[in-house]
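Below, chain A partners chain B and then partners chain C, in two separate complexes.
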Partner chain A sequence: MRILSALVVLLALATLPFWVSGYILGVLTIAYFFGVFAMSWDLLFGFAGEVNFGPTFLIGLGAYSAGLLDNHGVPVWLCVIAGAVAAVFGGLILAVPALRLRGPYFGLITLVAVLVLQQVIVIFAGVTGGEIGLTINDVLSLDPGYNYWLALGFLLISGIVLTLFSRSAAGLILQASGQDPIEAQVLGFNVVKHKLAAFAISALFSGLAGAMLVFYLGTASVDTVVDISVGVQIIIAAVLGGRRTIFGAVIGALFLIIAGEILRPLGQLSTFVVSAVALGVILFFPDGLVGYLLRRGERA
Partner chain B sequence: MLALQILVDGFAISTLYALGAIGFSLIFGVSGVLNLSHGGIMVAAAVAAWFIAGPLGAGQYLGALGGVSIGVVVALVTYGVVVRPIQRSRAIPRDETEIFVLTGTLLWGIMIQEAIAYFFSDSPITVRPLIGGVVDIAGVRTPANEILTAVICWISIGLLWLLVNRTAVGKRLLAASINPRGLTLLGFELSSVYLMVWVIYGVLAAIAGVLLATFLGTSSNNIGVLTASAFSIVVLGGLGSVSGSLIAAYIIGYLETATAYLLTPTLRTIPSLLLLVLVVYVRPQGLLGRR
Partner chain C sequence: MKTLLEVAGLTKRFGGLVAVKDLGFAIRGGEILGLIGPNGSGKSTAMKLIMGIERANAGSVRLAGEEIVSWPTHRIARAGIGLVFQHSRPLHRQTVWENIKLALLPDSLLRLVAGRAVDEHARLIGERVGLGAVLDRHPATLPFADLRRMELAKAIARDPKVVLVDEPFAGLTLGEVENFSALIRSFREEGKAVLLVDHNVKSVAALVDRVLAMYLGERIAEGPAEVVMRDPTVRRVYLGGAIGTHARDIAPEKTGVPLLHVSDLSVLYGKAQALEQVSLEVHEGEFVSVVGLNGAGKTTLFNAISGLVPYRGRINWEGTPLAGRTPGAIARGGIVQCPETRELFGAMSVAENLDLGGQHQKPTERAERLAWLLDLFPILKARRAQMARTLSGGEQQMLAIARALMMNPRLLILDEPTLGLAPVILEQISKALEVLRQATPITVLLGEQNVTFALPHADRVYVLEHARIIWQGPASRFAEEAGAGYL
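Right after this comes the complex of A and B.
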């Protein structure tokens, strides 16, 4: 039943390019990439229990690696792969302190990682374009419909892979080691291996999405892929949708991006309203939208 | 000459950092809360001081006083509306409270930032100095306000020390940080202790915010950076250790000032960030922290 309704929704989404405007397609395309960011974050936070304030460290690495290579005439698909590789490398760098530190200490390291990346980009402005951003000469495609399908397909594949991973035995072990690493170790599980895997997978999808987003936007800038406020949005999306659900992160991201567009007439106040709604959800429905619905479904 | 300049300028900045971070550290030590809306409270106090002193025309003294009061109010609202409901919520699992407090206060900080930007402005503001004039310290021309800033900060820190170590209220705060359960068993209401610590925190953060605005100026866009710097000072010094935060504030303040003077102002924060990463790697509990 659930699979059937999911298929129907998916089909409906896939036909959107035939009957909605390019503007809506554009908003949704960005929302889909954002959904991948939020899902990747949920894998680290919800399952591995790592307080990661710096999702944009991984995304930014992927985005800027891809963008810089593109400026040197490397083919687009190779740039995207290189972006993903760079992000995985960054993920493994982050994983080293994560194995030693817990909670707020690791959170701080991730925060610092973002700040350092941001400073490096600004300081080497000659290569990276600094605060203005890096112009990308290639695009994924000129057709908004094709871009949309690409983003939707990418979201679908990432969602399936991440969900399967999180529900596999490895995902359960990951969850156990996030909640009580010592007990998980006593039970004979290799905590280090599972955490490294979680970081690598999360970074892989963050980097891929970051690199693809850059080619979609035609520019890589600190404000769109590195700044802490972008990371905060990703965290809000995942918590809003419901942590530890993977799927909820997508709903949260869609809600956040679409609400941001609808509230655009409010100007500066729109961020205020979105944050207030997110705070309300945290206070009253700590399991998030999807988590809340799942709970009710179980009880009924 | 340059060395003396760094010594004088760095001292004022470090002292300000220390005052900002001590409240942050205190609140973690006593109630285990990392308040990521810290910068928001500082800037709210600064903007209130600026608004009362300037556009409302009440003068800088009333402005400073009003700013500090507003800061305390915002701190109490933070506690009442965000932190306390999360701590008491039954739907949030106990071991995840910390993460919810982090996310909740982060969102609250963004709300403060957006509200200030919308109702006032997001362009930098400078509160008029409490006193004017320039003092010559062994050849370094120093604004008198910079000296006053350092003096006020140290008086506040001294008063805090007296309060914590020499009064009954302070003993209760200390007891709550060591063993909250024991304190409740002795018949003290834990929530009134927490309320007390938030008031003290509000005063400290607000004073730091107002002074920062008289000295360097501030804007709602600085909120994230202010929170991050308090967070890093407190972690560097050791979470919950007030004297650790003091030492860390001076290390970071001087490192930043020296970098700005000796290398270039654009690199200002890089060495302190790298130092932070290094210390957290080698000694996760910070300089004076307990595990």
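Right after this comes the complex of A and C.
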């Protein structure tokens, strides 16, 4: 039943390019990439039990690596792969020492990493475009419908892979490592190894999405893929949708992007309204929208 | 059977505190050793050292002849040591069956499907520990005993050579204790080496082959349970020396409304009953002791009074109910607790800790009180600038009491002040309490396992056992009426 309704929704989404405007397609395309960011983040927060305050460190690495290579004439598909590799590599360099620390230090290190990346981009403005941004010469496609399908397909594949991983045997160990690391170790699991793997997977999808996003936008800028506020949006999206659900993160991301777009006429006020709604949901439904529905289902 | 676990010269220090000191013992296959000691004696630390959860400062741990003391926990677990936790955080979104399956998985990143053999094995283990009927339920819906069964099932799933069990029977009813004992005995029949860690000999006596008693991180006795129970050092540690009382010449007036009146107090921790229908009263100026072994419910009682845990029943302070007041308001109202865990601010100096206690008073009063307290505990004067964390256990306890007194309490609740302290320190603290009783109008409610420490000052005594008050009366009658059945 669930699978059937999911298929119906998916089919409906896939047919959108035939009957909605390019503007709506554009908003949804960005929302889908955003959904992948949020899902990748939920793998770390919901399953590995680590709060990554710097999702944009991974996204930014992917985005800028792809963008810089593109400026040197590397083919688009290779740039995207390189972006993903850079994100995994950079993420591991950060996580290997950070995961050895206990308590809130992991989160603080990820936060500082974003600031460092941001400063590096600004300092080496000659190469990176600095605060103005890096112009990308190539695009995924000129056709908004094709771009939309690409984003939807990418979201779908990422969602399936992340969901399957989270429900696999290795995912079970990861959840145990996140909830009670001492007990997980007593059961013979190398907690650091499992968390590192989760971090690498999260980085892979963040980097891929970041790289694809800059080719869609035609520019890579600090404001869109690196700034702390972008990271905060991703975190709010994932928590809003529901911790430890993967799917919930997509719902949260769609809500944030679409609501922000609908309320755009309000100007500055729109950010305030969306944030206030998010705050309310987190305060009263800490399990998030999807988490709340799932728990009601479990009790019934 | 050959020796499976061999511990020698094991030592662990936390700052100025020596938690485990030169500990050594060995367990053969098919043998059950009881490791006992009052709270703070270092037995839990010893268990964590064996499991690699804490790092030893010195010493060796050998598993079937192999040195494992520096290995990480997961490697020790793989090598064949299992640990049954007293409290656990199971995976709540998964069923009991999946929780057991977790313990059967290899430490692999690439294993995405558990496999049929694992499914079946998990089911068999669940049935063996008596969870057959609830395998498909979520842990949150299980009674307390079944949660403990699940922990046991996870340990069985790892098929360890050595099993460490932390407080095997805490929170279980008599029937369940029988059940669990049978399961632990089956470990012995399978040739595993078993270490049971518990507060007292009584609870594990029927099950163990040998007992090792610890105090202040050191071994004080070892042998068959009945020998250890009669050992004079062990009796002194649990009961103190000969039981003496110092009845006051003038007993405080006990008329009118009691200062503190607890009636029909019950507390549940999840599904474990921590207190059942407890009633007691403390009158102005009285010194009342609540004695009971660790785990009897003393700390829970005090935490309920301080507003830290939810409860059923009534707690009245000068005739008005405390229910609904915040812990902060209760403390400012005059009930100050000096907790068992001391809760000092470790990174602050002695002087800063004391200043924090006096925050709510006028500067002149505060200075006066501080001077008086430093007279009462002269050692704190010498240590004023030192960080609290680096004090010895006894000094930390004195600081905790002094900080509580800085708040100028009307009722001082002292929870287990003797925890982990050497006899000579106990004497110093005991003298300070005597001064307090003689020189100030303060009312004291003392919780203690060590009867010798608790009795001399007490006007009245309550005995708490398994969440209930089983005896009450003046200190002078304790020895003949309640002393025998205590340990």
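The definition used in the following text is that the second predicted complex is superposed on the first by the 297 of 300 C-alpha atoms of A that agree within 3 Å, B and C clash if a C-alpha of one lies under 4 Å from a C-alpha of the other, contacts with A are read in each partner's own complex, and residues count from 1 in each chain.
The working rule: contacts are C-beta pairs under 8 Å (C-beta built on N, C-alpha and C of every residue); 3 or more make two chains touch, one makes a residue touch a chain.
Only a predicted model underlies this, so the values are computations on that prediction, with no experimental measurement involved.
**Student:** Given the alignment on chain A, is it a clash or a fit between chain B and chain C?
**Tutor:** On the shared chain A, the partners clash.
**Student:** On the A-aligned overlay, A:V51 touches which partner chain: chain B = first, chain C = second, or both, or neither?
**Tutor:** first
**Student:** Have a look at where A:A169 lands relative to chain B and chain C in the superposition and call it first, second, both or neither.
**Tutor:** Only chain C; A:A169 stays clear of chain B.
**Student:** With the two complexes superposed on chain A, say which partner A:R244 touches: chain B (first), chain C (second), both, or neither.
**Tutor:** second
**Student:** Figure out whether A:L269 sits in contact with chain B (first) or chain C (second), or with both, or with neither.
**Tutor:** first
**Student:** For A:A197, using the defined touch cut-off, is the partner it touches chain B, chain C, both, or neither? Pick first, second, both or neither.
**Tutor:** Only chain C is touched by A:A197; chain B is not.
**Student:** Answer with first, second, both or neither: which of chain B and chain C does A:Q179 touch in the superposed model?
**Tutor:** both
**Student:** Classify the contacts of A:L108 with the two partner chains as first (chain B alone), second (chain C alone), both, or neither.
**Tutor:** Touch status of A:L108: first partner only.
**Student:** Looking at chain A, does chain B or chain C touch a larger number of its residues?
**Tutor:** Higher number of touched chain A residues: B.
**Student:** Between 242-250, 278-286, 350-358 or 368-376, work out which stretch of chain C sticks into chain B after superposition.
**Tutor:** 350-358
**Student:** For chain A, what residues appear in both contact lists, the one with chain B and the one with chain C?
**Tutor:** 179
**Student:** Help me check something: in the complex, which residues belonging to chain C touch chain A?
**Tutor:** So the residues of chain C touching chain A come out as 51-53, 72-74, 77-78, 82-83, 85, 88-89, 91, 93-94, 98, 101-103, 105, 107-114, 138, 154, 158.
**Student:** Under the definition above, what is the set of chain A residues touching chain B in their complex?
**Tutor:** Going by the criterion above, the answer is residues 45, 51, 97, 100-101, 103-105, 107-109, 111-112, 115-116, 119, 122-123, 179, 228-229, 232, 235-236, 239, 267-269, 271-272, 275-276, 278-279, 282-283, 285-287.
**Student:** Would you pull the chain A residues touching chain C in the complex into a rising list?
**Tutor:** Residues 164-165, 168-170, 172-173, 175-176, 179-180, 182-191, 193-194, 197, 244, 298.
**Student:** Touching chain A in the complex: which residues of chain B?
**Tutor:** 34, 82, 85-86, 89, 91-92, 95, 98-100, 102-104, 106-108, 110-111, 114-115, 117-118, 122, 224, 228, 231-232, 235, 239, 266-267, 269-270, 273-274, 276-277, 280-281, 284
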